[in-house]
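Next come two complexes built around chain A: one with chain B, the other with chain C.
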Partner chain A sequence: MTAAGFIVRNALRNKRRLSLTILSVALSLFLFVTLQTALRELTEPQTSADAALRLITRHRLSVATVLPQKYLNRIRQVPGVVAVSQFTWLGGIYQDEKNFFPQFAVDADTIFRVMTEISVDPLQVAAFAKERTACIVGIKTMERFGWKVGDRITLLSQIWNCSPELVIRGVYSGGIDESNLFFHHDYFDELMDGFGKTGAFWMRVRDEASVQPVIDAIDSSFRNSEAETKTETERAFQLGFVSMFGNIQMLIGSISTVIVFTMLLVTASTMSMAIRERMREIAVLKVIGFNGREIFGLILAESFGLAVVGGILGCGGARLLYGSVDIYSLTQGFFTKFEVTPHIFVSGLLLAGALGVFSCLAPAWASIRMSVLDGLREVD
Partner chain B sequence: MPAVPFSYNVRSIRVRWRTTLATVLGVGAVVAVFVMVMSLARGLKATYVQTGDPRNLLVLRSGSTAESSSQITREELARMKYLPGIARDGEGRPYFSPEIIVLIYLDRLNAEGGANVLVRGMGEMGLAVRPGVKLMEGRMFGSGRRECVVSRGIANRFANCRIGESFSAGKADWTVVGIFEAERSAYESEIWADADEVRAAFNRDYYGSILIRPESEAAAALVTERIDSDLVLNARVLRETEYYKDQTRAAGPIQFMGGFLAAIMSIGAAFSAMNTMYAAVGARTREIGTLRVLGFKRRSIYFSFLFESVMLSGVGGVIGCLLSLPLNGVATGTFGWTTFAEIAFEFRITPELLGKGMLFALAMGVLGGLLPARFAARKPVLDALKA
Partner chain C sequence: MQPIVQIRNLCRVYRQGEIEVAALNNVSLDIVEGGFTALMGPSGSGKSTLLHIIAGIDRPTNGSCAVRGVNVAELSETELAEWRNSQIGFIFQTFNLIPVLSAFENVEMPLLLTSLSGAERRAHVEAALELVGLQDRMHHLPRQLSGGQEQRVAIARALVTDPTLIVADEPTGNLDARAAMDVLELLTVLNRDAGKTIIMVTHDPRAAGYARRVLHLEKGELLRDEEIKSV
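Showing the complex of A and B:
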């Protein structure tokens, strides 16, 4: 009998225990992967390669403070700026408060030159640009409400005193968030009686080298004016939002720790159960010439194998599950994506491996130290 | 039917405490996580539920569901201020506070970054209509002055918010002149200043909402009726408490997370309990045979092992509850989607929540114990004795 065969036979001798243990390890790793993915989705704003060239100018005080619309012209003239669009958060609801999704009033002629990574049919863009009340909607929101191009919708803003009545002229896909709705800022201004204000300016700059000069040029241009600005990269802007969630990171981190700790306990206790019932056999192995290191190797391999199988089931299961369900509609838009990245997957497996090693240390140590005589005398 | 004495289970556990301990702690961890996450949701909800006075009425623009999106003009204000039915103080001033909320960005005290904080501009009766709020230090802001009072929570968490310090927001510098406490309500996350000063500093022509204290329940109905039926007014009336109760939706995602985590973790813990119980049954096969010979019925054996499992998880539940208790009252904050500002709240662990945690633990014990107990009860006597 080979060593591998011996280990497998040993592991399989109590199939019920084996499967219960593997399942509990798998469940724990499933949770671990879920939490890490949730944490990543919440705290690491996903930005595409394009986003590095995208800047956002907002009011220095807060994202919720508006800027004068006339800033648009001055920003447009800053060298290095390729395209700039107004970006005003409507904060509207569709029919019911539950039906929340992001909507922005934007400049129809420039928005798709700023948001370059999203793809829309050029014909639809043209149709959108022509019509004052037109809007373009992300594919996820279209699917969520079962909308079709040509449908008319009314949004009730929770922030502004207006209710835009829009007609869907196009659908976009791609980009980080496929749930947005874009409509004409001109129409928004009209509804707001010539409001003259805008939430923020989103722009695209020519190349990496222009990022800092553009930031400096814009912010210094509005220093000491009625509304001072803060310009930052899209990523920095998103991180600002994340920090407002407070210590959610700590919360999820501590829950993950508790889970890992529980897993360790459960696996270690199973391993010690498994080893204790074979004290006699270990003593026999010693009698026929196996040394401590070899016995440790046998135990380690069994424990490690068990944990890794659990790990593959748990992490792989999470990956498969989250890959196949529509997390966007399931969480009603709370998560737009829920991707188990290779990084998270591998760290789950590593955790499982480490678990296998650590959980067998104490019982293995005890069995190696045990004298042959005591072992042979062991009854149960 | 004679039951197997409980002391048998207790003593058995004592003998096998090493393997049992892991299961107990596993159940404890699940209960602790459940109670902690749920207490977070509770705390957030409680903050909103505790805000507002049941007697007060809040006036918003019709169609508006949040103070931030509501607008009330000065003309509308004048129409409402002297409506009959509004209570008055000793000097004849109506309990009527026109309010406006704006957001400012403040740096955190002793930490990186900052957060949006809600500034509430209010009329001279603003404090009087909120009897739950007490000015603890300093004085109230002066009317027509660029002064403000901050909640204790804000003073503790944000820079430049102690008495005598000042910060800049809008077109003005605001000096902190007092600190208030608001019985852990949503007001604990606010800064208060004079409504007209706030409007001037932030270029607002309008007010956002009006808080009114009617003389009585009957007067409340009268005021509501008058405002609702006035065609000149584009306003609607609701109870202040109702308004804040509606905000408890914010706790939904946290609650979902707590339930999800607890459900999956508890299955894992039940597996672990099952493992332990199967091992216990296996190790005590001869004892089971002996018990049967002594005359104990299968049913008694069954319940004895089931009881043992439930007892294990019960102990685990108690440990879990104890582990979570230190969190009670710990302050934290999160982002409020309705106001776009940070809302501060405390973890709140109630006896009811602990009870739920214990129920959870016991359920895990039952789930984990059912099969092993049946396994034990079905062992044939002779085989068991021979083992």
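Showing the complex of A and C:
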């Protein structure tokens, strides 16, 4: 027999309690990993390599405030801008409120020069460009609703007073979000009786060196105008969008803290019970020559092992689950990948290990301090 | 015969709140190597306290207790644990085997603290279990053994490290007459044939009759020191 074998035998002596404790640690870790993954997804939105060269000009006040359409020509003329498209959020639903997905009114002739990472059949792009009510839809939305090219759909905007009647002329794939629908901004303007406004301008710049000069040129051009602008990279724009949810980091951090604390109490309670009922045996170990350090090591190893097994089940379970389910469909596009990264996985395991250590400190210390005679007087 | 245990002016006072209770009061005695000594007396006479101090699991309030010249009271807790492992084999009234370990593993426990290899440990454990007549029960768990067999496993655990002293606290207290006799005969064999020094606490005169010397204690004082000529 080895010391490790003895630790395992001790851990297995009450199998029901062991299973319940490991399960509670595993569930807590599963929840912790889920929250951390959600936090990462929300605060570190995925970006493609092309996104570094993509800029967004929006109203300086907020993303919800529109800009004059006439800005388009001035932005187009800024040195370094390769292509620019209007980008207005329709906020529409298809037939029912639960059938929500992102739809944007865009400039048909430039949108695919701005969104270069998505792939569409050039014939479909051409068909889209020449028909005012045409639209191009991401593959995931096509699959979600079982649409085919040529289908006619009607969207009911929840923001604007319009209901675009569209015909699907193409399907795109690639990019970080394959659920969008793009339709003509001209058609949107017509439905809105010559609205003359746009939600934002999305543009592609020539190279990385052009990014800051273009930002400065656009924003200084509209300073002190009727609608001042804020131009930023796609990543900064996405983070700004997330901040509209409020201090989500603090919210998730608070919930995670509660989970960790609960887990600590559960593990500490189990270890206290397990050690309390073994005080007599610990006294016997002392009699046959085990010193305080060795007894502390035995208790620590048992607690650590128990917590780490729970951690592996919880973190591993989350990694397997989120790796195998279609999180995009499940969350109706709210989360795109929901990847449990190695960093989150290892953080979860480290947390489990730390909890295993901390939860046994009090009972281990009590067992070290206990005199042999007091331990031998303990009733089984 | 050389004294293996030398006790001088030993006192042990317990405090219960404001009240002080003297469990041992100025006890002095020697125990020779190879002896089989029984400590007898009524409840509260101090016999178990004396045994615990000799075994290094309690400390005297005053006086000294030296085993092979080492004053046990002067050792730190860590030194004391190491000393107990190499010098003392303890047999309890309630056996105190670890329920999740087999007879073999229970006997092996004290050897985990030594530098012996796995094969050496196995040889020692098998020899100890053979000595107590349980070589065919070595893979049984304590709950699969009778009380007498459990106590024999405990005796094997006590002698597996080849200690200087085997101390037994009421070793027959939880056994029926037949099993008690077996255990006492085993202790006699260990003393007579293997030369082990044994100190046994008992309140049973029949058990004490197996010893070669009986020390009678009462109210914490050594009342009588009696040599037994034959069993």
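We take it that the second predicted complex is superposed on the first by the 366 of 380 C-alpha atoms of A that agree within 3 Å, B and C clash if a C-alpha of one lies under 4 Å from a C-alpha of the other, contacts with A are read in each partner's own complex, and residues count from 1 in each chain.
We adopt the following convention: a contact is a pair of C-beta atoms (placed from the backbone, for glycine too) under 8 Å apart; a residue touches a chain by one contact, two chains touch by 3 or more.
This one's a predicted model, so the numbers in the text were calculated from it and none came from an experiment.
When both complexes are superposed on chain A, chain B and chain C sit side by side without a clash. After overlaying the two complexes on the shared chain, residue contacts for A:D193 are found with neither chain B nor chain C.
Of the two partner chains placed around the shared chain by superposition, chain B is the only one that A:Q158 touches, whereas chain C remains out of contact. By the touch criterion defined above, A:D96 lies against neither chain B nor chain C after alignment on the C-alpha atoms of chain A.
In the superposition on chain A, A:E208 makes contact with neither chain B nor chain C.
The angle formed at chain A by the C-alpha centres of chain B and chain C is 90 degrees to the nearest 10. The larger set of touched chain A residues comes from B, when the choice is between chain B and chain C.
When the two structures are aligned on the shared chain, A:S272 is found in touch with chain B, with no touch to chain C.
Closest contact between chain B and chain C, by C-alpha atoms in the overlaid model: 12 Å. Remark: chain A residues 1-3, 6, 9-10, 12-13, 280-281, 284-294, 372-373, 376 touch chain C in the complex. Contact residues on chain B toward chain A in their complex (touch as defined above): 18-19, 21-23, 25-26, 29-30, 32-33, 36-37, 40, 61, 63-66, 68-69, 71, 102-105, 112-116, 169-171, 249, 253, 257, 261, 264-265, 267-269, 271-272, 274-276, 278-279, 283, 332-335, 338, 340, 342.
On the side of chain A, the complex with chain B involves touching residues 16-17, 20-21, 23-24, 27-28, 30-31, 35, 38, 60-65, 91, 97, 156-161, 163, 226, 240-241, 243-248, 251, 255, 258-259, 261-263, 265-266, 268-270, 272-273, 331, 334, 380. For chain C in complex with chain A, the touching residues are 52, 55, 57-58, 77-78, 81-82, 84-86, 88, 90, 92, 96, 98-101, 104-105, 108-110, 112-113, 157, 161.
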